[in-house]
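Two complexes follow with chain A in common, the first pairing it with chain B and the second with chain C.
And now, the complex of A and B:
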């Protein structure tokens, strides 16, 4: 009886972990691609998560339609990404200048969100995704199942984008050697803008997808930024495959900790990161950066 | 075709190039020689646009490209083959070729056609096409390095940095064949060499750089007879070759 209960709890935690993992994936993937190609540590990525969550919440709660929320969150952040890349990051391409610009943006965007939405938590969920379903003895929240399906769908789209399209090929080549891809005739500035926009869009999307689960409140994205940094280090900086594996892994470990050893939930991420760094300093799928 | 006038490059507080002027005409081969640190690679990198010059000018077919980004220079037909085999290491052999072809503006169908042509020239690459570039040997990487360029349309001038350095005689011969093919197509080239390997096979003009300045220039046939020049600036004795 006890072992059956344990298995049910374990499997429920596993499903929750995969669902959380897909949110981490969308959030971290953008950060990872932007860093891999543009060598920018984008500290404003978390603020885009927060803003995407707020904007998606506004639209979804007014229209009652999750699809409009998803579109609003992703489109607004994609647009903001274009504006930031073309008008702010382009000013100075040196890494230090860009770090300072993104830190400034993080403070500005978080403050603007705070002014607009205040120090309050908001939560909204679509009626049709309320409640649970039973898969044998396992209880699964409908919304978390939706997250897995939708997350998988977005991940496949992103994977196709980066492996089967011309743009994706240029990005992967650019991650390997940014100068040489230009020497073949690619206008890297355009690729930068598109990449920053896609990364920002994914952050906004991830932010809004978390609203029905954990709500949205000031600095939520900036809090999760640390998780995203740890995930891309665990997966291997600049590695798409590594980010995918690390996101799901961290999601599962965090949820298992939340069920079994709640006091270790926050710290579990860093235990995993340290363990990986000690055994494989370049991350699970990373290459050694010279 | 390519006209460089009084090119100067500062890196940090160092003067790497101190007023280089040279012209490359259609179909001409120029060997850039000199010891390590003479500025040979810097000159190539400045021509392709990786390094911005402090002063001077670079023109291609009469168009001033001194301030143009690298991709514009590539579109004008300037191609760079780096010495350290800067392949896209996480991509497969075929993806490396495909990326280069698509980047140069070819359609997907044309790119696939060109890849087949490259496989005819380098049958080894067809066999290795699924392997990642990082999994190739040094010689195979250099073959792919050159094959990427060979595949490209609209190439006018090739900047080749030490194409046979450190390669086994078998690969040297393959690289030489590939370069000969490009010479026959009428391409211009600037080839960096630290040892006179290629210039013994393919004649052309030479320029010796020392401390970022041109210290000697002329024809390779004359240089190969001039032991003093070779020993002074290339640091080679006849037995080294």
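And now, the complex of A and C:
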């Protein structure tokens, strides 16, 4: 009896962990594209998560349709990404200057969100995703199941976009040798702007998808940013497969810790990260980085 | 005269509280002492970044440990403050060596930044747990009693001792510089001018400090003591680091920063040299942490170990300008004063303006505030000396500029 109970708890923690892992996945895929591929240490990524969540919440709660919320969150963040990359990050190419610019943006956007929405935590549910499903002894929240399905869909889409299409080829080639790809007549600047915008879009999307589960408050994005950086380091910088594996792994580990050893919830991720870094500094799937 | 300019700045800043009294901005004393403490922190961060190319996102680890170690010694062991701060700085340098050993496998670039960040975050999240409240103080923090030394009337006299030492050194320097042509009439004139101005400065400072000692009392004296203490420590640390960066050690550091393999093939043990740098910066950062607890009177995990502390180290050193250690001091002063004053005027919007300021400074002043202010300073001195001493100096400056 007791073992059955603990198995139930374990399984529902596992499902929760996978769902959280897919949120992490969308968020850190965006960061992995920007930081891993384009080598921009983007501290503003967390703020885009927050802003996307807020904007999606506003639209979705007005219209009552989750689709409009998803569209609004992703479109607005994609636009913001284009603006940031075109008008701020292109001016100064040095990595340190870009770090400071994104830190400035992080501070600014977080505070703007705080001024507009205040300290209150907002939460909103779509009607048809409320409630739970009984799968034998396990109780699964409908929304978390939806998260898993949707996250799988998005991550496969992004993975195909960056590994199988011509656009992805341009991006990877441009990172290896910028001048060579320009000699082939590809406008690499535009490709990079599009890449940055896709990364920001994923952040906004992940932010909005977290609203029905954990709500949205001003510092949520910045809190999750540390997790995303950790995931990218664990998976290996510049490796999309590594990011996918690491985020699911981290989601599961964090949820299991939350169920069984709550005082290690936050630390568990960083202990994993430290042990990975100490044994293999380039991450699980990463190549050697300079 | 290399040592005169920082010395002049030190003296002017030391006399500044009197000026603040007259123009009624007493609060600036507190703000500036915070800025000096942060300058010490930024100095250590900037040296690691600009001389070794090591971006240390976990630099707050040293700061936080310095603060907490000092607090423990004050609270539990009753160690007198000056000894406590030195012991915690030594602990900080040991910690630096420990961090060097932990990051031994990936001692460069992004892996180093993230390993140190991870170590710091583990400490941060552990300290934030309520289970560890008795050592971390949790959200409320540990309250630190004010050490008796800060109520003492004679603290400002420390600065007088420092100044006397520096003036003697200055005079020796001058003597050496002018010893060849003291027979020359003009040289002797300039030499005398230097000596007279130095003694005038000395008298002014003595007078200021005596005035402070006699007329002030109560809480103001504490903040004034902290001002003098942090400024003097900043100056000592600055001179000490300047001395170290003039040795061959700094040259090897630069060689390691540029191409590590080359330095290794030349026979240098790069790991050992990097560990030295971490020990040095750990010492300095822990010192600033020890000073910080006197400023804030309390210490909690958020002010000690938060990732934002290291991020601010980065902001200070990049806004001020890398590769010049004065840059981090200028950066810390600029950012702190702007931030604190914006809070007064703008309320909630201050942070927005701060963010915009960082971005504009980086975009329009890419080499940092210190570089441009140095250029302004130099042209001002040239114009002034040409104005005062005549056309002869114009030629001298022209020659200097060409060479």
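Convention: the second predicted complex is superposed on the first by the 278 of 290 C-alpha atoms of A that agree within 3 Å, B and C clash if a C-alpha of one lies under 4 Å from a C-alpha of the other, contacts with A are read in each partner's own complex, and residues count from 1 in each chain.
Criterion: a residue touches a chain if its C-beta (ideal position, glycine included) is under 8 Å from a C-beta of that chain, and two chains touch if they have at least 3 such contacts.
Quantities reported herein were computed from a predicted structural model and do not represent experimental measurements.
Visitor: Using the touch criterion from the header, give the chain among chain B and chain C with more contacted residues in chain A.
Guide: C
Visitor: Which partner does A:107 contact after superposing on A: first (chain B), second (chain C), both, neither?
Guide: In the superposition, A:107 contacts chain C only.
Visitor: Looking at the overlay, does A:266 come into contact with chain B only (first), chain C only (second), both, or neither?
Guide: second
Visitor: Touch check for A:185: first (chain B), second (chain C), both, or neither?
Guide: The first partner, chain B, only.
Visitor: Under the stated touch criterion, which partner chain does A:177 make contact with: chain B (first), chain C (second), both, or neither?
Guide: In the superposed model, A:177 contacts chain B only, not chain C.
Visitor: Can you list the residues of chain A that touch chain B in one structure and chain C in the other?
Guide: On chain A, no residue contacts both chain B in one structure and chain C in the other.
Visitor: Mind listing the chain A positions that touch chain C in their complex?
Guide: 43, 88, 91-92, 94, 96-97, 99-101, 103-112, 114-115, 226, 229-230, 233, 237, 263, 266-267, 270-271, 273-274, 277-278, 281-282, 289-290
Visitor: Given the complex with chain B, which residues does chain A contribute to the contact?
Guide: 166, 169-170, 172-173, 175-177, 179-189, 287
Visitor: Along chain C, where are the residues that touch chain A in the complex?
Guide: 55, 102, 105-106, 109-111, 114-115, 117-119, 121-122, 125-126, 128-129, 131, 307, 311, 314-315, 318-319, 322, 348-349, 351-352, 354-359, 362-363, 366
Visitor: In their complex, what parts of chain B are in touch with chain A?
Guide: Listed in rising order, the residues are 48-50, 69-71, 74-75, 79-80, 82, 86-91, 95-96, 98-100, 102-105, 108, 148, 152.
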